[in-house]
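Following this message is one structure expressed as structure tokens.
For reference, chains read A, B and C in written order, and residue numbers begin at 1 within each chain.
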């Protein structure tokens, strides 16, 4: 009976998701005939290495930035009383569910030649003429941090909320000043959440498409954009190789991270 | 320690401002009366909302997105709820396999899935059709339904079902009179998130919209690439408002579950 | 007497378990249980957790299928019958009231399944609520009720459709002591009023002794002993039953011989005579047992034909309100517990006192 219940969805997902995905990925090795030639070709390709490096670098910067900015918010979320905490949660969730497109557009508005930042800086007399902020790596990083921040905040907050308040009181009672309580009790105990958040943000950043495409410059070609480009050129085998690389990297990171203690449960709760 | 605390409080407040400000800017911009992208706007008005409402292209895309999202919500909810009901009772190996399949859209990078779907759908002439969009978006929406309904089911006391059976209710009667009413909030929340996911979806739409089924996000994207005028700000604001309303609905539903 | 008996017989179901077994993976939860439950009686399955009592109850209800053996209700085997066709009332440990339905809808639920019309339903629900002493609670929701009230609504729901058998799975476990005791008496009263068969599962031996007509003590998947509360208390058949129900003192010894119904045992500190009721031939080493409150301090050596006695030294003396509790070490090394009422007539003993411990031979049992 339970098998009957899951069969419709299983068939559906296989037909419209898994099989299309698999047949596309297969193009990396079966075109023109069964061969690994495509893979060999793309590993040596300079463009690919360039793009891969840019993607990696961006993902690292974005992850670090989200962690730095997100940790205090997560801490606040878990320590505030329920009223203010709910407000903070709304302020984190509303951007989270607002479409990536709208949020990327918001950064276009902010960083454009006549955008808020430039206008502000000119108005304050810091600049004479507008800076080129949009279509730069800087824009990509800051926009992506903005969009991925909730993915960092939520797992960390959920783990921190589980830290027994009694532990903190005990530490304080034993004579530890607040900064030490934080460094030696809160921070270590929040590590599973941090690991989950870092993993989530990094993996998402690797595969990001919309934001870099909108706010990035011609030299900010990320892996996902390269893939889209190749599809537009009908270069399926190459696109398939790139996709396989991206997917494999994503899966590898997730599998590795799951081995870290506590990360798996956090991931489960992070996907709601 | 007041200084430390002040610094801490300032830091997360600033980050929250950072999170919310861009969205507020967009909303503010939508009320600008200037015809180019400038901030702060020289004057205010509803010019761009009127432009949006007056444009058949924009409205067509809006209706299409709503229709597709509604269909996706229904389809994903039906398939996802059935699966969520069956998953807990499967043997462990099968449960993990099906669970992985069902949740895979959350892990596979959007672009990879999109081109995979495009690759096959193109062959079956599903590009540029609303049907293609519905079929693809449902896959992306299903994980949200399954997670929501599963969470609801997990919170359900199994003994309630046994009690119903002991009182003479048939297995189907038990499901309909006891289980279903109690997981209904979870189902509805899942449906809401399925709707939002489809309505805002862009990456798959980039490949599947073609010229015959241009969704709202797709039209916004095209506009952004080729001509930036604040109509997009108006559309964005409306989207934000819609998201806020749907989120509120989800929150109220989840509260009812207690 | 005949009329009352006839009424009881016709209203309560008889339940017969024959060689019932149930394993989960390779663990034997129930390893061969045979039990004859009489029509209209209040029987309790008593045992520690893991003894198989709840599994047995679930098999009677139909939520578990036995791997072997048969279960017959009113003479008909029910093993193949699914739970919703068995027409048995059941009260669960956490009451399992439907949170989305009112009290009236909860109680009326079984009536709806049986196609009873709305007017009759309302009448029966009201009657049921009267029976459990909660009149007028129809429109409330379970979350608005206290634990005791929820339990009574669960009872009302389980009996409203007039089943011949009521099963209860540790229904009072979640309540505090005072509430538990008052509800125990209410259930006893309900049983007397309704005249149907009650099968009750608990790990609380005091509860079992208070409420039941008979008790079946279970241990490790088997029934250790079945009997009235007095039977079990006065004549435990083995060490497990003797220590699970109430408190017991155990005196190991070697059999010297028989004297009619009695066994003569050398327990080191004294020669003890014990009732060897069940006709088993005991050779070699046995353990005799008696209850702490049945032992008392004798002022001189008692050579009564009806008493056992032995010399001991008081090791601990505790005043515990109703009773004084003493731990005494007998000359043979065995320690025994003695409970004496804390009346002013009875002298209190102190640590170090040499005493003579005496107790009736009729209260001494071989286990």
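Just so it is clear, a residue touches a chain if its C-beta (ideal position, glycine included) is under 8 Å from a C-beta of that chain, and two chains touch if they have at least 3 such contacts.
Please read all numbers here as calculations on a predicted model, not as lab measurements.
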Chain pair showing more contacts of the two, B-C and A-B: A-B
Most remote chain, CA-based centroid, reference being chain B: C
Centre-most chain, if every chain is reduced to its averaged C-alpha atoms: B
Interchain centroid distance [CA atoms averaged], chain A/chain C, Å: 61
Inter-centroid spacing, chain C versus chain B (mean Cα positions, whole Å): 57
Chain A and chain B: spacing of chain centres that average the CA atoms, whole Å: 18
Residue ranges of chain A touching chain B (in the complex, touch as defined): 1-6, 8-10, 12-14, 16-25, 27, 69-70, 72-73, 75-76, 88, 91-95, 97-103, 105-110, 112, 114-116, 119, 146, 149-150, 177-179, 203, 206-207, 209-210, 214, 224, 227-228, 231, 236, 239, 243, 246-247, 250-251, 254, 271-272
Touch list for chain B against partner chain C, complex: 157, 159-160, 162-171, 173-174, 177-178, 181-182
Partner chain B, residues of chain C touching it in the complex: 61-63, 82-90, 92-94, 96-100, 109-110, 113-114, 157-158, 161
Chain B residues touching chain A - in the complex, by the definition given at the top: 1, 4-5, 8-9, 11-12, 15-16, 18-20, 22-23, 25-26, 29, 36-40, 79-80, 82-83, 85-90, 94, 98, 101-113, 115-121, 135-136, 138-139, 142-144, 146-148, 151, 196, 200, 202-203, 206-207, 217, 220-221, 224, 228, 232-233, 236, 239-240, 243-244, 246-247
